[in-house]
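Shared between the two complexes below is chain A, which has chain B as its partner in the first and chain C in the second.
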Partner chain A sequence: MWTRKASFTFTGGIALILIGMMIANLQMMILGISFIAFIVVNSWISGHGDVEVQRTLSADNLYKGDDLYVELLVTNRSNRNTQLLEVYDNIPHEMKLRSGLNQMRLNLRPGESARIRYVLRCPLRGHYSIGPVSLRSRNTFNLGVDEMYVDHHSDIVIFPQIKEVEEAFLRSRTPKMYTGATTLRTPGQGSEFYSLREYVPGDPFKNINWKAFARTGELMVNEKCRDAVTDLYILLDSRDIARIGTVLKNPLEMGTVSAASLAAFFLKRRDSVALAIFDDNLSYLPPDTGDKQYFKILSALAGVSPKGAMPLQAVTNSLSGRFSRGSPVFIISSCEGDGTVPAAVRDLVGRGHEVTVLSPSSIDFERLVSRIPRMSYEVLKLERQNRLTTLAGSGAMVIDWMPDMDLSQALMQVRGY
Partner chain B sequence: MLGNVNLNYRRIGLQAAFWLVMLLLLMSILLNFVNLSNTNQLSAYDDDWNDMSAFRQDIKDMGIQTSSLVSSPLLLADIEDPRNTTYILAGVERDTLSLPQFDSDGFITIAAEDGYSPSEIEAIVEFVDAGGTALVLEDYGFAGSIAQAYGVRYTGYQLYDTTYVQELDYNYVWMCVQATPCGMNGSIIDPETISVHERWSGSNGEGAHPCSLMNGQTMPLEDAGLCAQHWKNGEIQYNATYQLLLNNITALELIPGVDGALNEVSIRAVTSNEATVDVNGDGEIWVGNEQTAETPDLWGQFNLSIEACARKSCDPNEGGRIVFMADGSALINAIYDYEGFNDPENPLYGSNDCVTSNEKCIPENDNRKWAKDFIAEALMSTVPGEEGQPAENAMVIFDESRHPQNALFADSYNTIYFLLVYFTGEGLAMLLLFLVLFITFEAVLIKKRDPEPWRHVFSIIYYGFGDANRYTYYAKTDKIRQVFLSKVRNQNGLSREEFHAMPARELVSLINDPVLAKFAIEPTKYSLEQTVAVVKRIKAWGRT
Partner chain C sequence: MADDVGLQGDVTVSGEVRPRTLHLKMLRKQWQIISLQIIATVALIGMYLEVVSTYVVGSIDHTMLFDTIEILIGDQLPIGDWLTGEGRTGLSRFFVPLILGLAVGGGMALLAFQTPTVQQRVKLGFIVTLIVVLVGQLLFSWLTGMLFSFDLRLPNSGELSTLEWPLLMILSMMILFLYLLPVIMGAKGIWGLSRRSIAWAIGFTLLFLGVHAILAFPLINGQLGDYGNSVSVIGAQFSEPTIGISGLLLVTNEQFGLIMIAILIMVFQESSYGVIRYLEYAYRLPESCKRDPEYVRQMDNVLNTHLKHTFGFLGLTAVATIVALGFHSVLLDIVKDSTGSQWAGQVSESIELSLTYGLVISAAMFLSIMALLRFFVPWERIWGFIYARKTPDNTTQTKEIVEI
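Up next, the complex of A and B:
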């Protein structure tokens, strides 16, 4: 592509030739031809973008607010100089350049390499991709510019922040809940021996107790005790209404932080944690323990975006059959725009679940971005109080979570209204 | 960023359709000027029997430079030495591009007829005025506008004369370049009627041909130079008789009452008195004493060649001259180089009846001699001691601008070159070109942008809004009442059914606040201040 300078030179050259012809001025024509010739000759001396690019990241997964260190290695793989080559690493606009620069102007000799280092801060959770690498080569007199890119991407996942949750905050009316890892005297996946039973087709061979087989002549298998003490179910509201507020402070963002923090807390205690996210459909991670489950939950939370309007009762109707009896259920929702919440909560409580509703106050988030008349605000708050009171009346523990309130602080107010 | 190319097929389709239509339009315009059939003739740069390569070769052999003019006669204005330049126009086969231009009155006109635009005619006239020599060989083509500039008109009707070549047909007519007409004696020109060129012979006292001044001089052929055609037996034997063979001719007229660009206009050759002109073009001659519907054709004596000079002597040093001849094919290879055309051993211009069956051979003629003498007079050096030799800058220019080319691209090139000359030589077009250049510069200035410098922009400005319309709804008394009643119901742990079934008195006692009880039960209107007070009261209600 020609630069402005080249376009002017070319147009000027043509103009000089034509005007020279008009007024029969040979010198003017020669000057015009010189301009054109200058452009033509210059176009032969162009740079190139035949480079190899390699990007190294300090981590593939980060927590929201962490820094990411990026190093870009650019190598000229051609056998001629690159001339003036601009290299620009495309980074998502949601990431903030903390130090260094993601671009550089180079003139690499054949085989020569250069490194570009910079640090990014990632203030928003999500799945991101760094790249491609844009290249812009200019010829000697900046008359021509060629743009190209190297299709080299690095994917990165930014997890929600994990807040510290103190055990004391998670007390409930049922003293036995959340007591930590104690072995349940029920068969299941675990490490401790529970009993012997007869082999049934489908049992793994590794569970066969060969000594018992030798002794009795019948195939017997070992059964183990379940290790986890509790199956915790977290239901996260990711409906479109959860977007109300700023990009950093809205019910969904606070919901993901609280879901991640709770999951981290309980998984650390070797409990099983399940996660259900409902927006325009329902995605469900069955209960499990360990780091793998932790990673799955964080990945799922990183990709959450507000959309849809699935009612809570549809979620509980779909999942309640899979919930372990008596297990605690955390509902993280603003409870706005969904008339089925009381019925759903009532249903869960009726099934014997310990239900906790963590409800970010959406009207207060809305107030951050919109000027709500005082009286309307008071009435809206009253209506919200009524809604939460109804939920508490249904037997759930309700937390009214204000925007400026820390998670641990919010959990302290667990109460029945 | 760069890789995200979203193809907008609708836009691409529209673009393609637009350019297709533009291409079709361009093609339809170009095809008007591009003759794809191989019918070009009368070109000095082609060697078919009907081209003029032999004439051009003779000129080159004389040591005179030849060149072609493929765009427009406007370039004649750039000739540095018109005095020693001869412009030859043989057969104008196509019209000019009709482009707007200023006329002599300063108005904008569009040249729409007769081959050459006013500017081109002006350029030819100025070239001749500057001492140049021009030869216009034409019959039914588009050179009429040039002739009119000199008070001459091509009738454009086919002319028949009794002095035709009987071995061939009536289209081949003899033209004797002399003041009186020549006649036939059987199948040959009667020698008794043959005379000499009126001016070149020197019979009228001035304007004699330069070769006639060398008459009788003894010299080797190599020194004869431009008069070599008169060299015989070691000396110059100038002969001013010219019997030119023409083919498919028309007639020339002097336009009555019109003063041409040159003062001295002389008729150099005429037909016999029995010549006829087929005015209605039906191939038959019907003539009478008067021109009527029954006898539409004309008969009598007609002009075949007219010469216009600045001075009576037609001395090139005193001004230019232009010669019109009523036949575009007078110098074609078949006639000009009849020996090569008829040669059965080595036919230079392809097979013909003469070569194959010795029939219809082109008779001996003086076309070559006349043409060479014409060139000799125009381009012979006037420097003492260089008699007979061409002048230093002698040049013959063949106008090829109105001959269709064989190749499509050659014709396109000529058209583009013509436009270039037009835009740099014509006043209006120059004005237009200035305007276009100005607009182009402006467009480059405004539209052409260098690529933006790359810069990372950190941007997470995003807000989610609630429904602002509901704010007014939540300020209405009915909605406030509903919220309050819900609060009362929740505080007392009542179901909807129980609450709805409750008597009013019981509700009042539950509320236990006369203001709120009245608000809950009586649907009266409240002012804004009252509503605010009520809301405050509701908020405080139930806390104790």
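Up next, the complex of A and C:
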């Protein structure tokens, strides 16, 4: 495709020829002809040869706020020079360049490669895709330009940040919830003996029961009972109202961070953790333990976006049958715009669950983006206090989570009933 | 990238050898950039001399204007003849002014790279000097005259005559500046990296050619009377072609001169703008990329290609223009030789053919054929093949690893 310069040169050339003919001026005609000849000669080389692009990422999964190292290898696979090639790696607009540059002007000889290396900061959780790679080739004199894409994508998941949760905070006011490890009569990671079974490749040698081997002549391994405190249920409010605040600071972002941190904390203790996210739908991850569950929870949290307005009672009604008896339930919600919250909490408490409501203060988040008159703020704050007091009165432990408050700090403020 | 990503594997940072970077301070001294600037300067000088020798010398050159002024004032101009080129003949009249113009342009470019404070001081100094030169002598003689005679009066004619020398000097300098405007602006643009100055240099040259073309148009030229005679009109009919390619004589010397003007304008424009474009790109790169050897290597590739293409493509453009201008005679030769008819001979006598319509139509035909050839001849593959033959084992080249 011609550039603006080429179009002007061509038009100028034609105009000079015509004017030269009109006034019988050879200089004008020659100037015009040479302009056209310049375009003609330059048009012989256009586009670029086969370019291969390969992208390497430092990680496929990252935590929010981490740095991602990207290396783009561009190789000229053709038998000609690429000419002036601008390579631009398309990055999601949510990511910020921390170092280096995601573009380069190059001219690769046949077989030559160039590496573009840059570092991205990932300030927002989510599922992202880096790519495609845009290629724009120009000739030396910027008369022709061709643009194309190399459809090469690299997917990446940015997990929510994991905050340190100190056990003491959780234990302090909930002595019944976490009474220490109890063995479950299922095989798994634990300390108590469960049964003997035949050795299969991959079993650690330390589990081999040498006495049994001496007795039977076959390799046998000890299997242990799974240790678990209990099943923990996390209900995350991802309704549309949870978007109040800034992109980086809103109830949903804080909710995902707290859900991920709590899940990480309990899974580390070999508890089972279940996650329910409600927005316009209810997505439920049944309780399980281990790294796989941890990854599933983080992936689910990475993809959460605010939408819908499902009431909490609809969630508890559909899930309460699946909850293990007496298991603790964490509700992470601003408790705004949903009149069913007290009834849902009462219902869960009535079924014998230890309910903790972690409630990011949406009024204070709103204050971050818009100016609320002092009187209105006070009234709204009072309404919120009443709502939380009602929940506390229903038998739940309520945490009023302010935007500038750390998670561990918030967990210290459990208000008993 | 050096800070966080780390230096790439093939970097050379050993001993006393400093790694090359794309910082302007370093890049401006790189041989490719300097070569492009020298090419642009040579093209500028060539273009100017070609235009001057074709249209100005002996017709409307500055020495003739100075002579006219000297006759009008009945005295010599204060500016020295050795500086203006008066008394010399032909193109040599422009040699000293040309050097002066280049020096002024270079000085302006040098000034552009100084700090704003220095620039301000130099400009202020220039203005003050100009004022002192202009009215200093008058004020001095007038004030001292009043002081010694204890009389408050207006300056007398003797004192006012001290203004004559500076005014004539400034007028001479302004005339020279006007004549040398393309050179001064071009030199400033090339070495001071100013797009606007380059545009001024090219624009002024094209404007001059345009105005000259209008004044040389017979209808207008006739209206100018005696003044019209001083406008050098390139003859409508040329002599026999004397310059050609591989035995085929295609253009005359006059036509070749005109082609050279067009080509040199393009060489000047592409080289000077190219330098600015590449330096601008390097300037905009983040600090880490400026230190990245990959970026340095690719900048080398891009600059080398620009240099090659400046010679290759603009050379080919000159050849294509020459062939296009002589293509009508080639066609007629072919018709004459193949058919043996007298028609070709008769047509070649036609002025329309050799001058305007025929020339343009045949040139357009040739250029169209050239343009269409790109669809039939795989130039890129041919050049790629030649390149691959020259450097057969590119893909297996190993990185040069040097200790850091």
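Here, the second predicted complex is superposed on the first by the 359 of 417 C-alpha atoms of A that agree within 3 Å, B and C clash if a C-alpha of one lies under 4 Å from a C-alpha of the other, contacts with A are read in each partner's own complex, and residues count from 1 in each chain.
Simple rule for what comes next: contacts are C-beta pairs under 8 Å (C-beta built on N, C-alpha and C of every residue); 3 or more make two chains touch, one makes a residue touch a chain.
These figures come from a predicted structure and were not determined experimentally.
Chemist: Looking at the combined model built on chain A, do chain B and chain C fit side by side or clash?
Modeler: Aligned on chain A, chain C fits beside chain B.
Chemist: Have a look at where A:224 lands relative to chain B and chain C in the superposition and call it first, second, both or neither.
Modeler: So A:224 meets neither chain B nor chain C here.
Chemist: Once the structures are superposed on A, label A:245 by its partner contacts, choosing first (chain B), second (chain C), both or neither.
Modeler: A:245 sits against chain B, while chain C stays out of touch.
Chemist: Counting only touches as set out at the top, which of chain B and chain C does A:270 meet: first, second, both, neither?
Modeler: neither
Chemist: Report for A:106: first if it touches chain B alone, second if chain C alone, otherwise both or neither.
Modeler: Touch partner of A:106: chain C, not chain B.
Chemist: Given the touch rule stated above, what does A:41 touch, chain B (first), chain C (second), both, or neither?
Modeler: Only chain C; A:41 stays clear of chain B.
Chemist: In the overlay, answer first, second, both or neither for which of chain B and chain C A:24 touches.
Modeler: both
Chemist: For A:117, is the partner it touches chain B (first), chain C (second), both, or none of the two (neither)?
Modeler: second
Chemist: Enter the shortest inter-chain Cα distance between chain B and chain C once the structures share a common frame, rounded to whole Å.
Modeler: Minimum over all C-alpha pairs: 5 Å.
Chemist: Overlap of the chain B and chain C footprints on chain A, residue-wise?
Modeler: After superposing on chain A, chain A residues 19, 21, 24 contact both chain B and chain C.
Chemist: Could you pull out which chain C residues touch chain A in their complex?
Modeler: Against chain A, the touching part of chain C is residues 1, 3-5, 8, 209-210, 212-214, 216-218, 234, 236, 255, 258-259, 261-263, 265-266, 270, 274, 277, 281, 285-286, 288-289, 292, 294-295, 297-299, 301-302, 305-306, 309-310, 313-314, 316-318, 320-321, 324-325, 355-357, 359-360, 363-364, 367, 370-371, 373-374, 379-381, 383-385, 387-388, 391, 394-395, 397.
Chemist: Touching residues of chain B toward chain A in the complex: what are they?
Modeler: Contact set of chain B toward chain A: 1-3, 78, 420, 423-425, 430, 433, 437, 440-441, 444, 448-451, 454, 456-466, 468, 470-472, 474-475, 479-480, 483-484, 486-487, 490-491, 493, 531-532, 535-536, 538-539.
Chemist: Show which residues of chain A lie in contact with chain B when the two form their complex.
Modeler: The contact residues of chain A facing chain B are 1-4, 7-8, 11, 14-15, 18-19, 21-22, 24, 86, 88, 90-91, 93-97, 102-103, 123-124, 132, 134, 136, 145, 147-149, 151, 243-248, 250, 306, 362-363, 366, 369-370, 372-373, 375-376, 378-380, 382-383, 385-386, 389-390, 393.
Chemist: Can you name the residues of chain A that touch chain C in the complex?
Modeler: 17, 19-21, 23-31, 33-38, 40-47, 49, 67, 69, 78-81, 83-84, 98-101, 104-112, 114-119, 139-142
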